[in-house]
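Note sheet for the following structure.
Letters A, B, C and D name the chains as they come in the text, with residue numbers starting at 1 for each one.
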Amino acid sequence: MDRGRLEAFSDGVFAVAITLLALNLAVKGPGYGSLAHQLGHQWPGYVAYLISFFTIGIIWVNHHTLISNVVVVTRVLLFLNLVLLLFVVLIPVATGTVADYLAHGGFDAKLAVAMYGVVLTGMSVGFSSIAEWSLREGRTRVPVPPDKRWAARIRFMSGGLVYLVITGCAFISAPLALGLSGLVAVYYVFERTPVVGIWGKNTGAAESGGPAGPAGPRDT
Amino acid sequence: MDRGRLEAFSDGVFAVAITLLALNLAVKGPGYGSLAHQLGHQWPGYVAYLISFFTIGIIWVNHHTLISNVVVVTRVLLFLNLVLLLFVVLIPVATGTVADYLAHGGFDAKLAVAMYGVVLTGMSVGFSSIAEWSLREGRTRVPVPPDKRWAARIRFMSGGLVYLVITGCAFISAPLALGLSGLVAVYYVFERTPVVGIWGKNTGAAESGGPAGPAGPRDT
Amino acid sequence: MDRGRLEAFSDGVFAVAITLLALNLAVKGPGYGSLAHQLGHQWPGYVAYLISFFTIGIIWVNHHTLISNVVVVTRVLLFLNLVLLLFVVLIPVATGTVADYLAHGGFDAKLAVAMYGVVLTGMSVGFSSIAEWSLREGRTRVPVPPDKRWAARIRFMSGGLVYLVITGCAFISAPLALGLSGLVAVYYVFERTPVVGIWGKNTGAAESGGPAGPAGPRDT
Amino acid sequence: MDRGRLEAFSDGVFAVAITLLALNLAVKGPGYGSLAHQLGHQWPGYVAYLISFFTIGIIWVNHHTLISNVVVVTRVLLFLNLVLLLFVVLIPVATGTVADYLAHGGFDAKLAVAMYGVVLTGMSVGFSSIAEWSLREGRTRVPVPPDKRWAARIRFMSGGLVYLVITGCAFISAPLALGLSGLVAVYYVFERTPVVGIWGKNTGAAESGGPAGPAGPRDT
């Protein structure tokens, strides 16, 4: 199994999932009140769309950084990757449910955002399991030195923990929990992915994709 | 015709099909009872989603192992591959039908799961026909020795047979047949694909994708 | 512009279009009569699905053969390719309309199949325009000798003509015209694509994708 | 991060978005008046489909030209690219809204086309931000000389401005604004992308994709 096809399949799933997100924003059409009224009522949909779009975008960026460092592709890695995608693919549906129920308030709104949190937690667990797999000797081009493994583990596991806390928060306040998911996305856009940052040596080159980095532009 | 584009097109189809699976889990929205009630009623949908997701995932993994070993891409192979994809593409629709009818019980539930079994049988036949095609001398990098061809045939054909039996079982009990499909998926996740295992020599390297294997990470 | 990305984008469109075809086969769910009844009523959908699936599959195979021979990618080629994709993308919708109206008979059935014929004609015109573009000196690896260009033209243009005739036939009999579209698909599955067959020299190698052919497996 | 996967993911999103466009043209099926009547009523859908199809096609062509010139892939570029895709993905939904409301006239039609204009403006801003990013020294293979940067800026920013004006026009006349969007698409089909035209030296080779150009066919 070569890395290229693992990436191609994953990219396809990420691309379809991120495009399906927008379908939740379709209006019902003439006969359901004025268009301005319908668009105005959709505001939770816009917020949820933005958060989910950048969340999937960030997973894609970090997935790439992680996988481009991998040198052996085993069946275990393929199935851990499937677990990650299992949850990525649920994000459009969970986002649509949040968009439908958030403005209605009550327990339904809380449950919708909690489900959204569960999906993001599952996605984060899938990602962490791939990162954990990659820590073992000989699986990556730039290995993580043994004494830095726990630091790496704590970093990628904290993402799942934050999403778990958000899931719990949803039962206190649905908008608060959704807002926190948005903050996590903003944080990850501005923070560099920890994977190469902590583990690699050629950090700068890895980021710039320069020829000396582990993932130069000529790499695929 | 080069192998790269056969893989790219197939990966695209696998990726879209696996992502569409999740759309079956969308709830109807406010006005159809509480969200908790709607989610609770969807349990057959979650079960069917999980089974179909890993079934498509396994086909993708095995498809890759099989195709990466191929050295000549003929029109016959392209059309056998289309037959496989013809059934892969039907999995989301068949899964949705199972999700809709399983809880209703009666003949409709049995028929829905039987149809699902027919689609999986067809998919398995498509896969076997590609495997059969690849047995001929000079078509693969690591050829199967003539005395081992029947063993290989029996292994990849048994998958289709199992799905055929499951299709029959559906008329006795729909949940039983669906459960058996799930067991098949679990079996294939933990069993290594027989293709390289039986046929190849560098089994370990092939699995790890190491540089000595027939499908090293630099291959694409 | 490199050929790789033209192929990747086209493959993506072909893959999504061929997967969306299956969505037309979804049943309405409980409450619309027994499942057996609903499935029985869908027979035009199955026929239309099969014809469209293999029609898109054939276009994809021939598109690849044609493009893999191209050495210069100009803006004109990119836009001719977009014209082809403009019609490919309409095939799922046109197929769904045929599936919905064929059994109803009358003028609606005829119009639905005629529209389907128009989409296939447009697709064929798009393909022919790419083939025509590729005839000019220096645009392909294996050029067509000037004295064989008209023979090539007649071959790829006859496809469009056949679909135009089928469109006309639809107004006489919708099932007849749909059946003829199916025959065209069967014909193209068993006939080799004329492009390399007529134009190229290394016909056998081109078909087998051998290392001597213009599109060996190492090509991408 | 290598350029190949940035392109693969973007191509996937472009391909799914351009294919989803056609779904807006599906008719409601038997029971909603004759098929001829339904198809006749859909004319705004056909117009909007054509304009959006070529608009996405043009963005894809120009995106490729721009990215193929890039030598370093940074996180900033990845997120600017996500901003572009955020709006690309909204085009099918915005197109569907225009198709639904244009014939109804009144403020709803104006608002639908204005929203469409906002999405195209956002897409143009996303594209311009990538182009702006690429102007800095050392980020592209064929750099833009400092004295030509403002000329380049004016060219790629004028696209966003035109779409902003179209958005304003929508409140005067919806069909006029939609027609103007169509004219912009026609203009871009026939005009060469300014990016390499202004900035590069090997303009001709870049366009023909010849071996001497910055993006020859062997490039990926």
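The definition used in the following text is that a contact is a pair of C-beta atoms (placed from the backbone, for glycine too) under 8 Å apart; a residue touches a chain by one contact, two chains touch by 3 or more.
Everything numeric here is computed off the predicted structure, so don't read it as measured data.
Farthest chain from subunit D (centres taken as the mean of C-alpha atoms): B. Where the sister copies subunit A and subunit B meet, the same residue numbers recur on both sides for under half of the interface positions.
We define each chain's centre as the mean of its Cα atoms; on that basis subunit B and subunit D are separated by 37 Å.
Subunit D has its Cα centroid 26 Å from the Cα centroid of subunit A.
Shown for subunit B are the residues in touch with two or more other chains, namely 8, 11-12, 15-16, 20, 220. Residues of subunit C touching subunit D in their complex: 1-5, 8-9, 11-13, 15-17, 20, 70-75, 78-79, 82, 85-86, 89-90, 92-93, 96-97, 100-101, 104, 107-108, 111-112, 115, 220. Here subunit A touches subunit D in the complex through residues 7-8, 11-12, 14-16, 18-23, 25-27, 29-30, 34-36, 39, 50, 53-54, 57, 60-61, 64-65, 68, 189, 192-193, 207-210, 215-220, going by the rule given at the top.
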